[in-house]
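One chain, chain A, links the two complexes that follow: it is found with chain B in the first and with chain C in the second.
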Partner chain A sequence: MSVRSKLEEAVICLKAGRVTLPYPAQPRPVPENFRGRPIFDAAKCIGCAGCANNCTARAVLVSDVCQEIRILKYVGSRCTYCGRCAEVCPEKAITMSHEFEIATGSALDLDQRLEIFMSTCQRCGRCFVEPSPLEQLKMKGYRFDDLQNDRWIFRSRAFLENDTVVDDIAIELD
Partner chain B sequence: MTARARLEQLKQQFGTSILRADLPSDTRLFVHVEPSAVKPICRHIFRDFDARYVISIGIDDRPFSGTFLVAHDFAFDKEHLLCSVLTQLSPENPKIDSISDVIPAASWAEREMRDLVGIEPVGHPYPKRLVLPDGWPDGLHPLRKDVSWDHVPKDFDEDREFKFDDPPEGCTVVPFGPFHPTLDEPAHFRLYVEGEMVRGCEYRGFMVHRGIEKLAESVMSYNDIPMLAERICGICGCVHSVTYAQSVESAVAIHPPARAEYIRTIMLELERLHSHLLWVGLACHIVGFDTLFMQSFRIREPIMWIAEKISGNRKTYSMCLIGGVRSDIAPETKAELRAVLDKLENEWRPVVAAVSKDRNIQKRTRDVGVADKKLVKERGLVGPVARAAGVDIDCRRDHPYAAYDRLEFDVITEQGSDVWSRVLVRAKEVFESIRIIRQCLEKMEDGPIQLEIKDELPAGRLGLSSVEAPRGESHHFVITGENNRPRRWRVRAPTYQNLQAVPAMIKDQQIADMTISLGSIDPCFSCTDRLETIDLRSGKVRVWSQDELLALTRKKA
Partner chain C sequence: MLKNLCQKMFGRSLWVYHANSGGCNGCDIEVLNVLTPYYDVERFGIKLVGSPRHADVMLCQGPAMRSTAQALQRAYQAMPAPKLVFAIGSCACGGGIWFDSYPVIGPVEKIIPVNYYIPGCPPRPEAIIYGVAVALGLIEKKVAPVELKQPMFPIPRYHPEELRGGGDLPVYEKLEKV
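So, the complex of A and B:
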């Protein structure tokens, strides 16, 4: 009987009552391990670039301006919020925050920029603790990503200068 | 029959044409054969062994073996065996005998191979461009290793038009898509219509082809790809990341810890739950029954929330890595998940009871979009479409992966072959998924969730994996490679096979039934290349070119 099934369907609807949440007046609290906008802590960051090498969306760019200073740029508009950066960071300098209302008129508002003092590091890749060989650094040595155009450059200075060894570390050329 | 016995049978029949065979386990068989023997062997496997055709893969292997490779994958569902027939082709002008005339299901795969790798299927019954955009230059094959991943062809011809076939005599062409209110993604069907009746159609899709395979093969690394794979589909993303991880794991023979397998199973079943509820809602929406559309989405929402609680995101779980999963399920979350399942079961039961007697829905779906057993076999249809035609296949049981070999569940089949049967199959599978998750929660033991991988993965190994996605079998083929990334990764989503049967499903039925017939396979196409704006006052039409649109979207605010 179709009338009966119509009545049953009406009961289902009536039973449900009102389910719409009063958003945005009262946003639903997000769970503890929610992956919102990642926050980079410059005080903890050692500039190992593990996050940049394991970012699936290439949202973290690295540029070495000189021996002592490395710039890390997080391009927020490209981020997919997978949380891999926070997971592989050896210093736990990245936290996945609970921020999800990040709509903005300017994509640049989402970017974060860190300038890290590198002491005498030779960018050997040793300070990045590889969780497994699958998370190895793709590129050791100095890096010169295109921060202006948010582009990864798959070349290190070793490549540009045709030098296969930086300090005692053999560099893989692409 | 075991894999070895099947191999012996093949050897008896074809003798020296079989160059070598690899049997890495009881459930995988790789047969390397002479190029000239590919067609008879495939025909023998498909017709005489009655295996199910899965996919064909073209591989540019020139940097490694100096040849092109072609692989045809088959599934022996009753024998729990996945089989791949491989052959090497000359590096200059690679050609292979087309198998599409004996296995119609291979038609798209061979056309794709021709477009993307440039391997010519000789004797293909319909050798038309399939994947590449209209203006893409001939002779440039993007999946070849000498084409860089970010290559933009300079001679891309913006104005080149795709040549559609002429409609049969007496038929009018009704364009359906690229954008249509009932399609969530772009696809273009040219329906040949005689009065109210559809007599045939031509399909032009792949408008959202994003070059994911090329990206993975050239710039990503093993553990990046699960997140990329997850974005193949907005609904069954977890399926693709798990299938990818399993195919790599099977290639290099590593086994994730038991707890990780249970967690993967739970996430896959949660995904099936939300997908089936979404589909039932959308199917009702397509036939104009929005009440139930609203109710299934309401019932579905707690599943999204519990998935968010477990993984950190309501849909893109990003849970899977090679050798395990990223987050564990806490005891209190377990209790919460049980409560969600109980509530879901209590709410879904009356819905199924009401719908299964609803004559209005039945009138719109019975004997509509029929795909019978023969079509299922010829076109290699999978998932609820096959099961609704009485074909008892389900990868969870036939090719067990993750923790499914330790769980009890029924494979739901119906006999009607029509859209109504597909509604019933999906509605009932919801209860099976609930049963599976409950068993997982019961059986999973404490332990690590991620295998410790100490060495780099060896290169040149072949891996296959099939996972039962909500829409059917999702199949991935992987060749491991150097530089911490696969050499070749081929994804076959279930819709790839199911969509090929749509022209047969909609033939000789009313044009009004087109939407639900198409909707019934739960199609998953996935951005656009052109936009037209019309100034209403002057009536002037401005067509935006692809370049202008790209410039517009990339312009920084």
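So, the complex of A and C:
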């Protein structure tokens, strides 16, 4: 009886063939929707800190070191790769890559640090996030810097001279 | 130095001990997946043992919890001398989602020294095999800390007394200097 069962077992094993994956010899492709290490794109980031607000593990930390520079620090060691940051990012500056071979001897190797340049408000002197095109339409009477040409634009002529109130924003006429 | 030591001491095989100190069981399943015939790590000499006294490597899953920290420390002390600790998963590496809540002390490295980190939630079985290969010195690690900077525009500070001329477009005197 036991000999027969052993033979049956051997037949089953032979039928299955070789199942071991050749992983270390050949790279194994990941599924299409796999979420690996998030990659931050400093050129696209506007510093809205939406990723920091929505991070479940609070792995994205935001701090303002001075007037114009905001530092965005990604602490990779406790990131759960949920992909929420990539989902909420309005500029699509975060992409979930397919990198999973990220084992390391030091937890600091997983960190990413972004220095983001923020615009300064000419009225209050504090940083502000660049407004959306819709908000820019509303902001009549505010001054914007012409950054590309290194030039100052001192006053917007987008409102009528006699009209001191646009919507509910009072315009300071000098 | 640590790498040379590893290559010398663990030349033949690694016996791993599998310690869960309060994880969600996700990483445990991935570790057990590594030991199945699909990934078959016994061909590299990696073997699961039931006691820390037989083990070379401790695979830690889950954060260090208030209730299990002492047991984890005792398991670490029970391992014979050349020993490695692998933190597997986000919880063991950095504390995970609940890193700052009351029952969680934090990452495993607050209780016992950790040698290698395998992040992921949970890490793929391939990532665990890769981490072991990095520890053995077979492959170089791929990640490094990233530091990115935005191109910065020179913005002159606004000082109204340095304006020259009037009309529609006054000239800012110090524009060239900034």
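The working rule: the second predicted complex is superposed on the first by the 108 of 174 C-alpha atoms of A that agree within 3 Å, B and C clash if a C-alpha of one lies under 4 Å from a C-alpha of the other, contacts with A are read in each partner's own complex, and residues count from 1 in each chain.
We take it that a residue touches a chain if its C-beta (ideal position, glycine included) is under 8 Å from a C-beta of that chain, and two chains touch if they have at least 3 such contacts.
Please read these numbers as outputs of a predicted model, since none were measured by experiment.
Colleague: Is A:Y81 touching anything from chain B or chain C once the two structures are fitted on A? First, second, both or neither.
Modeller: In the superposition, A:Y81 touches chain B and chain C alike.
Colleague: More residues of chain A are touched by which partner: chain B or chain C?
Modeller: Of chain B and chain C, more residues of chain A lie in contact with C.
Colleague: Check whether A:N33 is in contact with chain B, with chain C, with both or with neither, and answer first, second, both or neither.
Modeller: first
Colleague: So, does A:A103 touch the first partner chain B, the second partner chain C, both, or neither?
Modeller: A:A103 contacts chain C only, not chain B.
Colleague: So in the superposed three-chain picture, is A:K6 touching just chain B, just chain C, both, or none of them (first/second/both/neither)?
Modeller: first
Colleague: So, does A:R113 touch the first partner chain B, the second partner chain C, both, or neither?
Modeller: Only chain C is touched by A:R113; chain B is not.
Colleague: Touch check for A:A42: first (chain B), second (chain C), both, or neither?
Modeller: It touches chain C, and chain B stays clear.
Colleague: If we overlay the two complexes on their shared chain A, which of chain B and chain C does A:L14 touch? Say first, second, both or neither.
Modeller: After superposing on A, A:L14 lies clear of both chain B and chain C.
Colleague: Pick one for A:A25: touches chain B only (first), chain C only (second), both, or neither.
Modeller: neither
Colleague: Do chain B and chain C land on any of the same chain A residues, and which?
Modeller: After superposing on chain A, chain A residues 19, 30, 56-57, 80-82, 105-108, 154 contact both chain B and chain C.
Colleague: What does chain C use to touch chain A in their complex?
Modeller: By the definition above, chain C touches chain A via 2, 37-40, 43, 90-91, 93-97, 99-100, 107, 109, 115-121, 123-124, 126-131, 133-135, 141-156, 158, 169-170, 172, 175.
Colleague: Mind pulling up the chain A residues that touch chain C in the complex?
Modeller: Within the complex, chain A touches chain C at residues 19-21, 23-24, 28, 30, 37, 40-43, 45, 56-59, 68, 75-82, 99-117, 120, 122, 145, 147, 150, 152, 154.
Colleague: Hey, which residues of chain B end up touching chain A in the complex?
Modeller: Going by the criterion above, the answer is residues 219-224, 227-228, 231, 291-292, 294-295, 298, 301, 308-309, 311-313, 316, 318, 321-323, 326-327, 347, 350-351, 353-355, 357-360, 452-457, 484, 556-557.
Colleague: Which residues of chain A touch chain B in the complex?
Modeller: 1-2, 4-6, 8-9, 11-13, 16, 19, 30-31, 33-35, 54, 56-57, 80-84, 87, 96, 105-108, 132-136, 138, 154
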